[in-house]
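This structure is in structure tokens; I'll ask about it shortly.
A, B and C label the chains in the order they appear, each numbered from 1.
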Amino acid sequence: MAEAAGAAPGAAVGAAPGAAVGAAPGAAVGAAPGAAVGLGARLRPYRVVLAARARSQTSYRANFALDLVSSMLAAVVELGEIWVLFRSVTHLGGLEFHQILLVFGLADLAFSLADVAFGHCDELAVYLRAGTLDVFYLRPQPLLAQLVTGDITLRRLARAAAGLVVLAAGLALNDIPWGVTSVGLLALALASGIAMFAALFVWAAGAQFFLVDGAEMTNAFVYGGRYAATQPASVWSRPLKALFGFAVPMAFCGFLPTLRLLGRPGPDWFPTWLGWCGPLAALWAWGMALAFWRWGVRHYQGGGG
Amino acid sequence: MVAAGLAAEVSARASARATARVYWRLLRAGFRRQSTYRLAAAGGFVANATFGLLKVAVLFATVRAAGGELAGYDVGRMNTYIWISQGMLGSINYTGKTEIAVRVKDGSIAVDFLRPLDVQAAEITTEVGRALFALIPRGIPTVLIGVIIGMTAPNSPAAYPLGALSLLLGIVLSAATVYLVGVCGFWLVENRGVQICYMVVSGFLAGLFVPIPLFPSYLRIAAYATPFPSMMMFPVDVLSGRADLAGSLGRLAVQLAWLVAVGAIGQAMTRAGRRQLEVQGG
Amino acid sequence: MNPIIETISLTRRFRVRDGVRRRELTAVDDLSVRVEPGEAVGYIGANGAGKSTTIKMLCGILVPTRGTVTTCGLRPVADRRRLARQIGVVFGQRSQLWWDLPVRESFRILAAIHALPAGLERARTDELVERLDMAEFLATPVRQLSLGQRMRAEIAAALLHAPRLVILDEPTIGLDVLSKQRLREFLIEQRRSHGTTLLLTTHDMGDVERLCDRVLVIDRGRLAYDGDLAGLGRAAGLGRAAGAERVLAVDLAEPGPDLTGIPAARHLSSEAGGLRQRLAFDAEATTAARVFAAIAERADVRDFTVEEPDIEDVVRRLYVGRAEPAE
């Protein structure tokens, strides 16, 4: 039997939203005959699958070193792109380099953690092509929950480690008024960021119902979103602010919390108290993602009668 | 299937013209295969545009913060750089993944060696065909965005033909260099390390994120010691008119030199790999 | 008694893009069928006749365009999750197991999914492992199993939660004779001991013959026949129960005259001047061995095959209704 304690942290992140989606509707539809199941029992199948997947991945320990090194290198190069710009200027979007580190760190860490638990959702395209999605219908669980909890990519924790290093550097190099408020803000920002990126992955999966080979299109927004989240939104033009500020609220992952944390003034359209509104942005993102998912499923089933 | 028919043709009439025709067909096949993926192409365009707009935001802000001009780039020139480099995104291989890597891994490369086609040339030609096709749905519309936004056009007419040549050289060089990653599979159990390294550094050193003239001097030197700038940065310089005639010709020469070098290494590696296969028993 | 499956005027249409134009394809047309608990029904038809579409609508994967479908008293799409606890489905070509995990893990996961108490899980798993002889490959990852082993595991997976209705979509496709036999016996036994209803789609008349008391024939989306095998044989003009007739094809050493007059056998055709001949015989009245022996007395046989009866042929003949022998 799989122990939840033994599962990787990514599993906890993955199970929670999945279970939230799964538990409530399941309870509403009505329990199966003879199964007055509590929440723990309801979560058990998800835990078992995740644990099995996690176990099968921990055997590849040799590759983890390679993943760690390449993740660090990738993080260094990405950071290097911004750093190169700072050879020529001192402020970008009103922020200095050590302040950008915070934006970058928060966004990168949030993305990588979401990637561990949700990054595999684009496999849906493969299932659709092979017709194996039908198998999901035969199990008494919500489709999305099955997709999300069906796998976990521990390998990507290496990338999360890189993001964590950058975040730590940012926290160390900046003059932050440490206290309950700032720690709370950071935690809230990180959690919201993870939720937002998770929603982005779910949205990208839902889009596969409509696109054939549509991975490039959705990647544009998933990886474009990530890129946007590492930038100071103050440099954006109006359309970009609308797109990545509010429609796909990437600015709420790293930039706005950083402004709030450092007590910096906000640019047009972005008052700094928005730094606390990460959860709202995450709710919005998840609402869009779930609506899109349902639309996609209905399209797949030819629903509506 | 296409290749099997072609092989028969070549063995029947082994002449230089026949060989040329073979490669022309390969080019077209790579070209045609991509046309079926229309939605993917449209998606590629969306990707180009999104990243392009984000880069515009950051790089313009940088130029403005530097007082309107930075290492020879003003806002207009930066615009040109961004949209041309984004337009080339689908034609330059930054992922390090190739089809030949898969074929080497699963052993079907042995069949390729039996055909009277040069494996390296065939692979590169197919890749180039694919890359050239991608210019149509991805490259041109992306550059059009730049035109609409107001990028500066090159001020000499020579920039166009020279630019086209530079673009072609860059594309071929990219295909030839990433081929090297693929054939590493003859000796390495797991290609992933090399491929990831390639993916991580290729974009950066090719000047995809930041124009190379903006690099600090030591990074600039390091970049020029690799073939990557010749893949993208130089074609962009020539096409955008940032390089004058002498500069353009110089860049073309460097591109050609790299192409010859990489091609020779690839040929040597292919031969060695073939010997390796024969020794192992395929 | 409430039927376990009931469809009323069930219809499903698809819009298919044909180049530039759009066509409408009717996969299932006005299907009205009723299956009582405990029945064993064979659902046969040519490829593309609508079998898979019907199954998908029964399971809640597709929404009907018109008409209604009720499975186990539930609406498949609306009550999909409740329904999933009561049915077990085996897709012959798509696996329900977790591909890279050992077989045992798949069972464990499924037991957790269906919330089986530990005692029941153990009892059911043990029973299925024993009956289907799976002990030797329980620890093997599913992707390394042979087809026969995989099908056994799939059936066990579908039956783990003791469903009331079991739907099998081409379960014996690609299996060797021995595996088919074992699977059929297992299904018969499960029906007997648990009263499970069986719905089987297949191309194999042998499956239908040995497992089903009732046959539904679907042709181009429409129900062409609903009844037993004997009736099907009559309706197809076979003069006997469908599937009861086998064809023996012999390759002779030398061309010769038509082999007529063999007891309980009927000459069908000769090729190459009598070098290759085909004879139909009634499997209830005689055996392949006896027919072969009779032929061997008259001619020198180089090679022979016994052909299984063909579903498409039966279906075709439902419409043609010729009294000619099955080919």
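In this text, contacts are C-beta pairs under 8 Å (C-beta built on N, C-alpha and C of every residue); 3 or more make two chains touch, one makes a residue touch a chain.
What you are looking at is a predicted structure, and each value in this text was computed from that prediction instead of being measured.
Asker: Of every pair of chains, which is linked by the largest number of C-beta contacts?
Answerer: After counting contacts between each pair of chains, the winner is A-B.
Asker: Relative to the centroid of every protein C-alpha atom displayed, which chain's own C-alpha centroid is closest?
Answerer: A
Asker: Just give me the whole-number Å value for how far the CA centre of subunit A lies from that of subunit C.
Answerer: Roughly 45 Å, centre to centre.
Asker: If you average the CA atoms of subunit B and of subunit C, how far apart do the two points sit, in angstrom?
Answerer: From the centre of subunit B to the centre of subunit C is 53 Å.
Asker: Nearest whole angstrom, what separates the Cα centre of subunit A from the Cα centre of subunit B?
Answerer: 32
Asker: Residues touching two or more other chains, restricted to subunit C: which are they?
Answerer: None at all.
Asker: Which bits of subunit C are touching subunit A when the two form their complex?
Answerer: These residues of subunit C touch subunit A: 12, 14, 56, 59-65, 77, 79-82, 84-85, 87, 89, 91, 94-96, 98, 100-101, 105, 108-109, 112-115.
Asker: Inside the complex, what are the residues of subunit A that reach subunit B?
Answerer: Residues 63, 66, 70, 73-74, 77, 80-81, 84-85, 87-93, 211-221, 223-224, 227-228, 231, 234-237, 239-240, 244.
Asker: Spell out the residues on subunit B that touch subunit A in their complex, using ranges where they run on.
Answerer: Within the complex, subunit B touches subunit A at residues 37, 39-40, 42-44, 46-47, 49-51, 53-54, 56-62, 65-66, 70-71, 190, 192-193, 196-197, 200-201, 204, 209-210, 214-216, 219.
Asker: What residues of subunit A sit close enough to touch subunit C in their complex?
Answerer: For this pair, the touching residues of subunit A are 26, 29-30, 32-33, 35, 37, 41-42, 44-45, 47-49, 52, 56, 130-132, 134-135, 137-142, 301-305.
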